[in-house]
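Here the chain labels run A, B, C and D in written order, and each chain numbers its own residues starting at 1.
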Amino acid sequence: MSKNKLQCYVPDLGRLLDQLPKNWGRWGEEDEVGSLNFLTAEEVLRGVASVRQGRPFTLGVRIAAPEGDPIWPGRATAQRVNVMDRAHFMCGKAEPLSGGGEWADDMVVMYLQGSSQYDALGHVWYDDRLYNGYPATTTVGAMTKASVLPIAERGVVGRGVLIDMARFRGKECLDRGETFTHEDLEAAARHQGVSIAKHDILLVRTGWIGKFYCTPKEEFYKDFLEPGLTYSPDLVRWFHEREIPNLVTDTIANEVTVDPETGVTLPLHCALMRNLGVTFTEIIALDALAEDCAADGQWTFLYVAAPLKVVGGSGAPVNPVVIK
Amino acid sequence: MSKNKLQCYVPDLGRLLDQLPKNWGRWGEEDEVGSLNFLTAEEVLRGVASVRQGRPFTLGVRIAAPEGDPIWPGRATAQRVNVMDRAHFMCGKAEPLSGGGEWADDMVVMYLQGSSQYDALGHVWYDDRLYNGYPATTTVGAMTKASVLPIAERGVVGRGVLIDMARFRGKECLDRGETFTHEDLEAAARHQGVSIAKHDILLVRTGWIGKFYCTPKEEFYKDFLEPGLTYSPDLVRWFHEREIPNLVTDTIANEVTVDPETGVTLPLHCALMRNLGVTFTEIIALDALAEDCAADGQWTFLYVAAPLKVVGGSGAPVNPVVIK
Amino acid sequence: MSKNKLQCYVPDLGRLLDQLPKNWGRWGEEDEVGSLNFLTAEEVLRGVASVRQGRPFTLGVRIAAPEGDPIWPGRATAQRVNVMDRAHFMCGKAEPLSGGGEWADDMVVMYLQGSSQYDALGHVWYDDRLYNGYPATTTVGAMTKASVLPIAERGVVGRGVLIDMARFRGKECLDRGETFTHEDLEAAARHQGVSIAKHDILLVRTGWIGKFYCTPKEEFYKDFLEPGLTYSPDLVRWFHEREIPNLVTDTIANEVTVDPETGVTLPLHCALMRNLGVTFTEIIALDALAEDCAADGQWTFLYVAAPLKVVGGSGAPVNPVVIK
Amino acid sequence: MSKNKLQCYVPDLGRLLDQLPKNWGRWGEEDEVGSLNFLTAEEVLRGVASVRQGRPFTLGVRIAAPEGDPIWPGRATAQRVNVMDRAHFMCGKAEPLSGGGEWADDMVVMYLQGSSQYDALGHVWYDDRLYNGYPATTTVGAMTKASVLPIAERGVVGRGVLIDMARFRGKECLDRGETFTHEDLEAAARHQGVSIAKHDILLVRTGWIGKFYCTPKEEFYKDFLEPGLTYSPDLVRWFHEREIPNLVTDTIANEVTVDPETGVTLPLHCALMRNLGVTFTEIIALDALAEDCAADGQWTFLYVAAPLKVVGGSGAPVNPVVIK
C-alpha cells in the first residue's frame, strides 16, 4: 500500500481497460447473464459427470449468526426476529390452530449483498454503462437491466474446480492485501494435480472468510484490505480465453480491495464482470470443502447454485451446493 | 367447508395421530434434519443418474415482484429498497471508487417464510414437542432446535419426481379446497408413466401458485382455502413406508388448509413434518417444469436445493434447481 | 370524477400556479422551515395564552395497530416486533441482569409517512425545484435540503384553531372526494364562534381518519379518493395573506386527492407547501378533540408538535399535543 | 468497578427494594401511566405559567445520522432508506402525478428504544411483575400491559426543571461511571438558584450524549459504563416524596449502568420505574438547552412530550419540546 499512497495518479477504468476484451453483444442485445451462457447442456453434463461419491457440500455462510456476519464495511448485519413462537401460546397471545397445532414465524432485515451472494452483472460499472452496454441509469430505484433476477431464473450448473491458494502458499489464510494472479492459480492447480478447464466454474480459497470467525471484529475490519486476485491485462485475457462463467471466492469482494499497481479499487469487478460478463459469487465458505478435497484429492465437482429471485436486486443471497 | 362448519368437535392432533408412526430418535437424539437422512450417497447418485439432457430449471418464485408475492394471510410482502445506485453519483450524493467504479446496493425486509422456502422441522408442533421430541420452548426468541439451519447446512440432493395433479384432473388449477390423496398421486404417476420410488423427493403441482399471478388479490385471498393433500392414516403410512424425504408443492402450505373430514388445520404439518421428519418446501413454481415434463415425458430429475443458512430460522428462502 | 375523466387536458402545475404567490427567499436562501418562521416568540406566547383549563390532548394515530394503520395506497403498514421479552428469560434464552432485572425490547419497520406525520417542505415538487428553489436532485438518496430535519429541530409551537368541517356539514364524515374551500372554513369558524387568526395553526377535521377504523379496508381503499380542501387561486392567496404556518388534517394527504376542476393531483402540496412553505401535518386524530371542543365551545389552544429528527427524511412521525 | 469485581454477592432486587415504597394500585388496578398521574390540570397550568419568553427548544437526538446514533450496546442503528425521489422520475422509473407533481418517500428500520425515547413502565421488571403488578408474561410478543401506548395517549405536560450536573461539577461531561445522588441534585439546584419542586419533570444533564458525537465510537463503547444517578434507599424515598412524574436525562439509561455499591445493574429502572411508576425518558439532547439556561438563568420551563403511539411498544421515540 505504501506505493499506492505515494501515487499521484490513479488511472480511469475507461482508459485502463480500453484495449481489453468485452463480451457485450456476444449473446444478443438483451442478454443479462453474460458468461453463464457458456454453461450449455454439454457443460452441465460435464459437471454431472464429475460427481463420483454422491457427497454434497453447502457453501453459504451463516446469516444473522450470534458471532456476527462477514459484511463489507458500511453495510449492516442481518437481523432476524421472531414474530411468533411457543411463548405466544404459553402466555395467551396467540390461539392454536383448530386441532391444536402451533407454529413459529420470523422476519429478516438484510442487505442483499450481506451474506453469501451472487452479484448482478450490473452491480458495478463505470463510464455510465453496465454490462452489455445498458445505461447506468437503469440501476435507479431498482435494477431493470442486468439485475440478479436473470441469473436467479437461469441458475448456475456446471463443473466446478477449487483452487486453494492459501494451502498452496502454506498458510491458514492469505495476508491482508496479499495478491495472486492467473499464473498463480495455474501453478496451484498443477500442485493440486488438477487443471482449470475451459468453462469451469472457478472457486478460489484464500482463508479470509474463515479468518473472520476467529478474529476480533475490530482487527478484521481495521484498515480493511482483503487479499485476492489482482488486475493485469493478461489476467483479463486469461479469463476471456478460458471462458470462465463464474468466479467464486471466500472473500467479500472476490479480488484484492485496491490494486497495488494502479491504485484502482475493485478493477476486476469492471474488467471481468462489467466487460466480460463473468458472474461473481462472494462471501463463500470454502474451508470444509477444501479440507475434504485435500484429503481425497478430488478438486472438481458438480456445482449447482441459484440465488433468490429478487426482482430488481443488485445481488441476492445464495447457498451453493457442490456434489463430489 | 359446510361440513366443517357444522362440526361440533375437532379432535386434538395428539389423539388423532396417536397410533401413527413417528421417526423420533431414529437418527439419534440430536437429529434435526429428519427424513433427509434417507438421502444417502446412493440416493444422491441415483438422482445424478436421472440427469439426461443437461437442462436446469429453477423453481423459486420471484421476490418483491411488482405484481405482489404469494404469501400466507397475515404475513407481509417482501420489500426491497435501493440504498445506492447511479442516481447517487449523478447528484453528487456518493463518490465513485478510485478509478471511477460506481455501484448499486440494496436491502430487503421479508418474512423468512414469505417466498419459496424450506420449513424448519420445528416450524409447526403440538403437545409442546417439536420433531424428535425437542421442547416447544426451544422455539422462543429463535429456534435453537430443529431450526432451518441444519437443513441448510446439509442441503437436499436426490432424485425428484414431479406429479402434476392439475393436469391429471384436466384442470389449469385445482379448485379452492380441492383435495387429493396418496392414491391419487399414484394414479397420476401411472398416468404420467412414472413411479414414485422409495426416497424420491416428491414434487406435486396443483397450479395454485400460478393462479396467484393471474387472479385479483382480493379473489385469491377471499375465504382463503388452498387445495392440497389431505390427511388420512393411510396417507401417513404411505409417506412413512415410501420414506419420502421432502414434499415440494406449488401451494403456500403444502396441504389442504383445513382437513374437511376432521376440521383440523394443517394436520400434515404435524403428521408428516413433526412426526416423521418429512421436510416441507412451499410456494414453489412448478408450471414451467410441468409443461416441459409433459412435453418430453421425463418426469424425474436431479433435485438440488439448499435454503439460506439463517441461524435460528423457522424457515428460510430457497431457489431449488432441478436438472433433467 | 366524471368531469375529470372527460377532460382531455390536465394543466401543468407550473402554468397553473404561475401567477400565485411564493415565499421563496423570504427567509433567506438557506431557509428550510418556511411558514414556521411566522411562529415568532410572540406567536408562541399567544398560543400559551390560549390555555385555559390545563388539559392536554394527543393527536397521533396508533402505529402497528392490530386493526391496521391508515396509510396512502402503496405504502406498507408499520411492523413492530419484539426482540426480547419475558419469554426469553422463562425459556433460558436470555440471562437477567445482575440483581435480577429483566427487560423487553422491540424494533419497528415503517414508512416515515406511514402514520401521523410532518411532511418535509421538499416532500413534493414540480419543475425540478423544491421549496425555496432547491434543486429536486437534492432529494436523491436522502433529502439534503428542505428535509423534515429542520422542522424537527425547530418544533412547532403556536395557537391552534380547530375547524370541524364534518360537524359543520352535519355529517359523521365528509364523503369520498367531497371538497371545501377557505370560504367554507371561514363559515364553519363563524358557526363555531371562533375566528381563524393570522398565524394560527390550522387544524381541519373531516372525519376521514376516524372512518378508517370503522370501515372494511377494501371499502376504505376502493377507488381511493379523500375529501379535503380544494385548489383555487383565491384559496392560495388566503393562506398567503393569513400567513398560516401549518395545516393539520385528519386525512392522509391534507387535500382532496384529485382537484375536480383541473384534474391535477394534490395541487395544494405544490401551491401551499412547495411555494408558500406551509408545513403539512397529515393522518391526525381529531375526533376526540373535536368532541371536546364542541362540548365546551373552546376551539383554540396551544399546539405543540415536533416530528422525529430523522436525518434526510421526506417526513417523520409525530404525536402532536394540544393544551386547552 | 474494582470494588464491584471483587464482590461475591449481588443482592436480588426483590430483597434490595423490599422495604421501599411502591405506587402499585395507587391509581387503580388498570393504571398504566404511573407517576404521570401527578400531572393534573393544575400542574399543567403551573408548567404553562413558567413560560416567559416564548422560546421553544426540541430535545430529541438525530436519527439515522451519518455520524451514528447513540444506542445501547447490542441494539442496531436506525437505517433510513429512500423508496422514491427525483432520480426515479429522471430515469423513467416513476411517472409524475397528473399535473406534474413529483415526490420523495422513505422507510426506516429502527429499535423503538434506539433514539430519544420514553420507556414503557413495563420495560424493565423483576420477580415476574411489571409496574402495578401486571404479570411479566404480558410482555410476550407485544406488551399488553404498561406498554408505551398509554403514556403516548396521555402525553406529558408540566413544569420542567433542568439540573446541569456536569456544569455543577465543572466538567464538560461526567466521567465513565461517575455517580451522583438526589442530594447532589439539590445542591446543584441551589447553585443554579432554582428549586426542584414537587411534581416537577426532572431533566438532568451529564454531558454524556454530547460526548458521543465527539468521541470515536470504539472509545465511547469500550467497557461501556455510563455516569448517572445511583441507587440508595434515600434517593428512592426522595423521588417518592417529591412525586417526580418523569426523569429525563442525556444518557442512554438514565442511571449509572451498574450500581457500584451493590453490583446491581440498572436498579433505578426497578426502584423508580417499576415500583414508583416514574416514567423514564432517555437519550435526550440537553446541551443547547443547558447552555441557554446558564446564559439567562431560567432553568424552568413548560415541558411537552408525547412519544409515538406504538401499540404494544416497550418504548417509543419522542422529540420533546420545552418552552421557556
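Operating definition for what follows: a contact is a pair of C-beta atoms (placed from the backbone, for glycine too) under 8 Å apart; a residue touches a chain by one contact, two chains touch by 3 or more.
What you are looking at is a predicted structure, and each value in this text was computed from that prediction instead of being measured.
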TODO: Identify, among C-D, B-D or A-C, the interface equivalent of A-B, where equivalent means over half of the contact pairs coincide by residue number.
DONE: C-D
Task: Pair sharing more residue contacts (C-beta pairs) when C-D is set against B-C - done: C-D
Task: Chain centre separation in whole Å, for subunit D relative to subunit B (CA means) - done: 46
TODO: Between subunit B and subunit C, tell me the centre distance in angstrom, where each centre is the average of that chain's C-alpha atoms.
DONE: 44
- [ ] Could you give the separation in Å between the centres of subunit C and subunit D, each centre being the mean of its C-alpha atoms?
- [x] 27
Open item on the list: For subunit C, give me the residues that contact two or more of the other chains.
Closed with: 76, 79, 82-83, 85-87, 90-91, 107, 109, 137-138, 140-142
- [ ] Name, in rising order, each residue of subunit D that touches subunit A in their complex.
- [x] 76-77, 79, 84, 87-88, 90-94, 109, 137-138, 140-142, 144, 218
Open item on the list: Looking at the complex, which residues from subunit C come into contact with subunit A?
Closed with: 79, 81-83, 85-87, 90-91, 107, 109
TODO: Please give the residue numbers of subunit C that touch subunit D in the complex, ascending.
DONE: 10-14, 16, 40-45, 48, 51, 53-58, 60-66, 75-76, 80, 82-83, 85-87, 90, 96-113, 115-116, 120, 122-128, 136-143, 149, 152-155, 157, 258, 262-267, 269-270, 302, 304-315, 317-321, 323
